[in-house]
């Protein structure tokens, strides 16, 4: 058995995970995200609790941020005050166990690959669509990390040349068109400019575009609100278009879509599949990767991290 | 030692290659491209000549076309009449040696990776820019072939959404903007519409746009002809822009550019590097892959095929 | 009453037209398009026949091509061998009447403006969608000809930056996306790559993409063939998108769409209206120009030319 | 003589203007922009002062905002609290003189057309590049106002399909790429992501991207700062590209560029001309409109308004 830790901006989840992906035991702590040493302490507390009660062989940690190519140091984390944090050394010294540190999108993809939507294939690509868009690439059983540990930044591939300015400094990144953030922006435009198409959003927000949220749009779309259905279809379309090029480049067996937005189900994935299949069909009868929703939900983080520690 | 065979549309080249990439002996035959059984015979003749004189352990074959995921059958070749040709079985039966069949762009990339422009790295991407554009992806020492053997179609990633119609059935493929074919089209437009900027091309072709060729443009550019310099810079720019996204997706250590167009040197690679570095710089101080010209020239085919047979 | 002459690549049509747009009398001749002097002779014959039988005050001539700003000389005609043909002087000398020479798209638009789809407004824009795309702009009752007589080249506004190469030398012109030529290209791609979606076209052409024609696609679409419906919808979409920008620039009361493609009716205009209305709606509740089909059909040429001669 | 009034967000300027465009007398008031009735009072004060001292025949008023097609009511003004303000009736009632109300970009263009950069031509287009982008179209001596008074929204033509979201509700408007606002955004990206290329901006702002202003960039560019030179070149390029399409549509004799950004001179107009001339050159040897800077500066408002009142 190994321990998997999922370090998020608000909480730390940790679990003992068996070889077959079963969660044997789990625990949680809050994340004091502004305080580097207390965040480390919370992780250590959680691991200690589990390691005291179970015989474990290794520790895997997943965290949002850039991890170095050696999978040991968190170079930068957007939601936690870590800068060049030597997380592997700190945990290995404390517990005397092998430790692997990995990017959260990679960890979630690994869980899907081993036990979820990709368990039947050798090669898969995964998009994790939350506020932003994370990505992961697994080819012939190997997680592709790149020469500097920063591969698979699939949310920052170009969707629109010269398009919307992205926080990353470039223009037209997929994240500006297919993320939760992009979804909200479409809802805001509807409330501000064409409220007749968004009666539910308009009512829920009192007509203030700033109050639109992603889950509001998903709910309104389920009730058939035209602007919300169209907003989900729009980000789905961009996601599907992006898949066309990735499939040309990497020929995976499946593409898995995860993250909060996936709760919209076929309101998102339907238009994504249409854009994707249409894009691929233009090239004739090539075999194409299937587009699937993620299956592992919130436990993907701890399970994926634990399994990566095992197969390190 | 192993034998490498490079099957082109006009000739078959074969060589005995040592473990360090040295060509020990080589031979050639014409390719009767319309005649499937005589093409096979020519390959067998060449191999027989070499295998008779040297102790060899395996045979590697590189050919333009789609090869199946098992690396044994040529599904389709654009320049030779092969359709579902079981090349591996045919050669293995004849010579009693292990055989590997591989796509020509992959073979050339492998030669660069082992002995050429990528010999110092673990992960590289290669563009082979000829009339069309071939691609190859090698990640952590592994040639990425994909779930169906058709990965790395880098010439058919989207450069311009809704752009130029491509022979593959889609619109806006990189091949329409950065290939030798695209270069010729730019030269033709210059001769037809603004001949004052293309005096050399205009003289060489007698003003007939249909007579423009790629090497003509490279020569004219070397002499400073504005339209030809601009044409090479234009395809270089598109190539550089394409590298930005691939680096986001795969984080290779180097990008190698090969194929006939590379003879234009910095007239092509200078603008490519500017577009690429500029695109990457917008994201801040990330480490980025170097853009390098291929080094192996015409021998890449036989050497790469031979080495793939060894490391099969 | 005035005479209107419509000079096409295969025939010359001429008519005596009353002030209310009624055709009083008409006649025709073949166009010997390769022979400049015989083409002029045919025009003179037709005018002579009509002028002999009716009291007329002026002559208007419409012809495909670039006409100078003084409306007197045909600078260049694509379908007739005219180069710098002083057509006004030739006819004025012969008949002793005032003569106006005008571009065919302008003539057709003028007929619609005076007696057809634009008769109730002061400002309109017209697209004439045939093999290529012609355009005309009438603002507050005045035909906009531009400083050099070459305004309203609406088929050569950019639909897609860096898009499909156009015969005019630029990339991405609307003509490459919304003309009859573009329609045929879409049908060809369907027959070549996804014939299952184009059973009617495939049968009519025996599977040879080169044999696809525009009317074939319109017929197949009327029978519900998916690829043909989609092809008309695609060019309609591009036309509608183009209208959005023109309306921002010129705020016409109506946009009239004419030319052979209009026979597809709502199969074309439905998607055009959706793309247009959707594009405009994003800007809120501004008044927007209506998108209407042309009403004058084939007589637009002679009636518009005659009326321009009257209102010269 | 007539009176011209230029109503801005911070001040009201008024002048008595002679038939040849000479300012005979002028006066100013502050604009209490939040207070509709006091703003009107300030305008009346200024006009009264001038009308008391001079014999005048008409009053022209220019104001930022949407004016109705009858040129009498300000439907909406972005910087002043006017909503459906019947400005013409109010002033006409008070002074017993003919009054014309016109959009500020149209007024400035009219001044250039009559006495400035367009005084030698019949047809011109003008871009006014400030924080946003205003536009005006004058064809054969006639100001094109459109069927609903909202023509010439040249800042909201599409520069990039699916591009940057615009405040108007659409994506990819020119204003997002070529305005002062766009210039500032480019400076901010340089300070935030690649400060080594923007040492002057970085020093002036203390490294805070939010503190970058347009005039800072112009000054830094004059001193040769790479990022600032590149930022001006970038917005110039977009402006030049936009001109290509407008010239295809309207064939003006000149294109005039005015507004605050023009103080950057050839740092802006050089790249604009290159993009424009290059775009036009691709179509061969057609005559093309000249791209000129505006000449009338800050007095364009009062002079244009006064002259429009005269030629109403």
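Residue numbering begins at 1 within each chain, and the chains themselves are lettered A, B, C and D in the order written.
The rule is short, and it goes like this: contacts are C-beta pairs under 8 Å (C-beta built on N, C-alpha and C of every residue); 3 or more make two chains touch, one makes a residue touch a chain.
For clarity, every value in this text was computed on a predicted model and none was experimentally measured.
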{"item": "Chain hops separating chain D from chain B, counting only touching neighbours", "value": "1"}
{"item": "Set of chains whose contacts include both chain B and chain A", "value": "C, D"}
{"item": "Centroid comparison with chain C (C-alpha atoms), farthest chain", "value": "A"}
{"item": "Computed distance of Cα centres, chain C from chain A, in Å", "value": "52"}
{"item": "Geometric centre distance via CA averages, chain D-chain A, whole Å", "value": "46"}
{"item": "Geometric centre distance via CA averages, chain D-chain C, whole Å", "value": "35"}
{"item": "Where chain B touches two or more other chains at once, by residue number", "value": "160-162, 169, 171, 189, 193-194, 282-284"}
{"item": "Complex interface listing, chain C residues touching chain B", "value": "159-165, 169, 171-172, 177, 185, 189, 192-194"}
{"item": "Of all residues in chain B, those that touch chain D in their complex", "value": "161-162, 189, 193-194, 281-284"}
{"item": "For the chain D and chain C complex, residues of the former touching the latter", "value": "121-123, 135, 137, 139-140, 142, 144-154, 156-158, 160-161, 168-171, 241, 244-246, 248-253, 279, 282-284, 286-287, 289"}
